[in-house]
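Report on the structure given below.
In this document, chain identifiers A, B, C and D correspond to the written order of the chains, with residue numbering beginning at 1 in each.
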Amino acid sequence: MIKVAVIGATGYAGAELVRILSGHPEAELTILTSRQYAGLRFDKVFPAMAGVVDLTCKALSADEICDHADFIFTALPHKLPMEIVPEFVRRGKKVVDLSADFRFSDVAKYEAFYQPHTAKDLLEKAVYGLCEVYADRIRDAAVVGNPGCYPTSVLLPLIPLLKSGMLDSRSIISDSKSGVSGAGRSPSLTVHFCEVTESFKAYKVAQHRHNPEIDEVLSREAGTPVNITFVPHLVPMSRGMLTTTYASLARKVRSQDIEDCLTAFYAGRHFVRITGNRPPDTLHVRGTNFCDIGFKLDEGNNRLILMSAIDNLVKGAAGQAVQNMNLMCGLKEDRGLGVRV
Amino acid sequence: MIKVAVIGATGYAGAELVRILSGHPEAELTILTSRQYAGLRFDKVFPAMAGVVDLTCKALSADEICDHADFIFTALPHKLPMEIVPEFVRRGKKVVDLSADFRFSDVAKYEAFYQPHTAKDLLEKAVYGLCEVYADRIRDAAVVGNPGCYPTSVLLPLIPLLKSGMLDSRSIISDSKSGVSGAGRSPSLTVHFCEVTESFKAYKVAQHRHNPEIDEVLSREAGTPVNITFVPHLVPMSRGMLTTTYASLARKVRSQDIEDCLTAFYAGRHFVRITGNRPPDTLHVRGTNFCDIGFKLDEGNNRLILMSAIDNLVKGAAGQAVQNMNLMCGLKEDRGLGVRV
Amino acid sequence: MIKVAVIGATGYAGAELVRILSGHPEAELTILTSRQYAGLRFDKVFPAMAGVVDLTCKALSADEICDHADFIFTALPHKLPMEIVPEFVRRGKKVVDLSADFRFSDVAKYEAFYQPHTAKDLLEKAVYGLCEVYADRIRDAAVVGNPGCYPTSVLLPLIPLLKSGMLDSRSIISDSKSGVSGAGRSPSLTVHFCEVTESFKAYKVAQHRHNPEIDEVLSREAGTPVNITFVPHLVPMSRGMLTTTYASLARKVRSQDIEDCLTAFYAGRHFVRITGNRPPDTLHVRGTNFCDIGFKLDEGNNRLILMSAIDNLVKGAAGQAVQNMNLMCGLKEDRGLGVRV
Amino acid sequence: MIKVAVIGATGYAGAELVRILSGHPEAELTILTSRQYAGLRFDKVFPAMAGVVDLTCKALSADEICDHADFIFTALPHKLPMEIVPEFVRRGKKVVDLSADFRFSDVAKYEAFYQPHTAKDLLEKAVYGLCEVYADRIRDAAVVGNPGCYPTSVLLPLIPLLKSGMLDSRSIISDSKSGVSGAGRSPSLTVHFCEVTESFKAYKVAQHRHNPEIDEVLSREAGTPVNITFVPHLVPMSRGMLTTTYASLARKVRSQDIEDCLTAFYAGRHFVRITGNRPPDTLHVRGTNFCDIGFKLDEGNNRLILMSAIDNLVKGAAGQAVQNMNLMCGLKEDRGLGVRV
């Protein structure tokens, strides 16, 4: 059994980690931390977990964590992880960080959109945890920067096609739609039920911090600078993310070519399902680690329309984090990530 | 008082017409028809209207309608209106048709996407009822083809900018999101609560029949053939439509130019509100005839992002229909279309 | 035109007052106050009202309010109104207060559930604004205590039947269900979209402060002490309140007797609709000032089941407040309270 | 591995069975039947299950089922199961039936509310599958009538207290609220998203067919005839059921007595969680087989208020059905019923 700590266990991503890990046959939760709820039983904060998890939330203590855990998930706001993860690594622990702190290769980009980076050495060694693309490197990593939810939904459909040269890399537009849990558990007017229901709107238009994260990975995979237009929207639902991506074709392709490219790239990868011309639906991936990808050629306009659906808290956060743990620990990729409601 | 008939009063658009017209100070509802509920009081079908509307649904009879009404709304599936509207016009009535039957200028286009047109003469005289663009022609029309909900939300932000020559007309992509009432009142798995909630998905990708309707109007206004990529999505909400439109800039423009172009074009038009860089929100137009338009320049990509929000049943259907009636009857455009919850 | 001030205009009840009054043909909004948003245009806080209301929120100043308004609505948390309303009344203004401060006849009861009352003289003269029951007294009142949302939904169905002696007054149980807007606009975990959607639960079980308010009115009307069991629940919807009330019958009655009692009591009252055995639905009263009342005899158990539906923000707050204003100003009761979406 | 058939696999309860059983470590799904979708792959009907279940829906054939399955779930409308289950039992199979056909002890009661019973001999041997109450008899049963969702939520909190003699059995009122999935997957206006959202209403008031089912079990457990007043309501959510039950106390009891009675009765039973005075929340049991029970004494009225929350599709249907299978097959009660999202 892998002894596991979840740091920041009472946000939505942290709580989802607890939920998944509590049913993982090879993992044993040993420590949960929470600044806000330290001293309180986890199942008082999340009564859904009564009878399932009996741990009490603790304040963050690196020593205590290192004494009791071999594998550590950090589900904290950016800036905090880069302050504590180096210590964990020094003491031989493996870490999946769910913030942006270990996602970028180019530290200057991180610093342009976040703040000065205080663990540059470790950042260099960290691996971007997009499992279906970087599994080989992830297996050997000590620190994985778990991808953002939007980047996961944008990158998985685009990477195979960009690599194949079928797409004009200057033409890419991703119109993303996210459920409200992506905004976190802290109360605010933005997430007030009465402001969300019957509301649909864009936000941080062409200025979301996931945009440079996406651009860096696409540029690496395409071998050429890529800057997409990225517009996120808020959907009146709890979980789920759908991204519709538009790209001009670089050459004449048929629908079958698109399908072949995607199915070949994701052959044998359990969590990516190619739905062909059937548009994927967030409801069909809810509570699961699947990413469903569909597409349609707009032949008159020589454009490809890609659609990808994930559960933002699972494949977009906690699920992919556990998938990363599985890879880093030599387990089967889908261990403990079975179907849920 | 204008004596008004609503044909097809028990679908969502028809019922919304009844609701609006029941409070219109210059209109008197005299006849409501419904194939499905003929013989039943309207307020038995829509108990919300008890104490407000006391009419009984009738079967469709052209004679009866012409005897009792001067102004007729047809809220029927396409094909039916072109069979009955000519008779109404012959008898001197004015008509706003909410189907596609009188929306197209090019009958061939209509026939390519619907079926043979059986009232071509009248189609030629009909006016496309996009009030803020065609008010002058609407004032003199006997028959108005009320725009589709998607076209309304796509056309209003685009037309001023296309006419100004700021946009590359070959680059336009509209990613639209609609509430479920747009799918109509007939029961089906598509509108089942349990299939809609927590679901977000695209449908009729690049093949929706509103696409040619949009293209025809844009081509006319731009003076050049325009074919946009159009992808509608279903949002888990009852009312509301948001369209995010992407277009490359044809020349260097500043954010202020965009705002100036939009505000100049819609100066004095009560129902279009320019929100600047603040993204419009369907919740803010719910139950109203407003179209809110916002925008953002993605300068790095030389692209404009337009966002427009309407209530699909009001500005996207019944509200615009009443606005058309107001224009056709010489009333103030916003008569009877005051703010609602 | 009545010059009207809304104090506390940016909570949900206050904003709903603004919305209703902005369309009221005999009222002119002259002052809106908001502690939180003083200095900001109202339509920046509620963009839905752009083009409809052009006032700027002010800080509360009794002098300024009295200079510009003849009729004042106070939509503030309890305790504040009793500090400022006496001054308004002294200066000849009429006031509808939406808090609990002027609802109780028995000051001891108020003080037991809230805090010491600092305007007892005025409290004695204030009238409980349940329009369909106390219209005569309301017409002459200077200060009206607008009923709580739950009390409105509980009292309207019960009062006629209690007065008729058909019910055992010791047996009454009201199981109420409210939309989330009843919890107010302040952000908290309770109203977080992700905590509300798919959630249904009771709260403040048998200890809600609307319970003594209900009991006092029922006791007065029944002529005997009445203490009901009252359990409120939170429904995953924005607006709407449904109360299911159970009471044992004091004597043998038929279904028709119930219907006769209710229809006789509410004869000529536009805003109460008796639906007979058809259960009322919150959707049918949404955005309106209606209270729909249905019922069913459970003959085997000699029990009556009453069901009442209101929009908690309209008949349960702002709508009834305007109805009270209409009565106090000699206007027709339903003036400015027409049907909305 | 137990070879399992699900008959009627494409309704909501059937599909939930498939979902749970697909992850059950001791069960192997061998046959799924569906009248509507025979010949179609199950994952075409429920794309969520792609990559998880690869069976094709079959038409119902008793021979084929008996050849391939040892354990059979029938998730069909009542009347059909009593026609086919006897054959299965004759051939040595064990059956859990999710309809009402094998729930009643008193065949006359069944026939009064449903239709003539055609398998009376088997009905006599069938066991009512309320696991926490009848586990001993269930272990030896060949046929279990799986309880209705409403009865499960009403019976679990009431039975211990009724048996203890604390409650006046003539005073019981259950006010139940159910998510929409309880209405089934067939399209109808009742489950149309636009008719459900912002709607809350009662239905089948005091005449739901779960009422006699509840009464029969309560009468048996109380040892005296019990007829409760039962009113179901529809909540705008997909899954979840909350029942608020009111009962007069037969004698003076303290809050602690209630808690002791409940905790003693359910000691060691994983799926019943007593939440004390904290009201249970449907969100906390969503996707799980838990029943959360809370309570509050209304001392002034000498009444007890019980609240119970379940997921109507899990503990109220498929989950309890699998729990019954576990008991009937000698497995641990919670096998395959781990926590889900």
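Throughout what follows, contacts are C-beta pairs under 8 Å (C-beta built on N, C-alpha and C of every residue); 3 or more make two chains touch, one makes a residue touch a chain.
Please read these numbers as outputs of a predicted model, since none were measured by experiment.
Novice: Which chain lies the greatest distance away from subunit B when centres are computed from Cα atoms alone?
Specialist: Relative to subunit B, the chain whose C-alpha centre sits farthest away is D.
Novice: Centroid from C-alpha atoms only, then distance subunit A to subunit D, rounded to Å. What do you get?
Specialist: Using C-alpha averages as centres, the distance is 37 Å.
Novice: Distance-wise, how many Å sit between the C-alpha centres of subunit A and subunit C, to the nearest whole number?
Specialist: About 46 Å separates the centre of subunit A from that of subunit C.
Novice: Where the centres are mean C-alpha positions, what is the separation of subunit A from subunit B, in Å?
Specialist: 39
Novice: Subunit D: which residues touch two or more other chains?
Specialist: Residues 197-198, 236-239, 281, 283, 286 of subunit D each touch two or more of the other chains.
Novice: Taking chains as nodes and touches as edges, what kind of graph is this: line, ring, star, complete or other?
Specialist: Contact pattern: complete, every chain touching every other.
Novice: Over in the complex, which subunit D residues touch subunit B? Could you list them?
Specialist: 12, 180-181, 185, 187-189, 191-194, 196-198, 236-238
Novice: In the complex, go through subunit B and note every residue touching subunit A.
Specialist: Within the complex, subunit B contacts subunit A at residues 170, 173, 175, 177, 179, 195, 197-203, 205-206, 227-229, 231, 233, 235-240, 242, 244, 246, 277, 279-283, 286, 296-298, 300-301, 303, 305, 307, 309.
Novice: Please output the residues of subunit B touching subunit C within their complex, sorted ascending.
Specialist: Listed in rising order, the residues are 16, 19, 22-23, 46-52, 197, 239, 270, 273, 275, 278, 281, 283-288, 290, 292, 314, 338-341.
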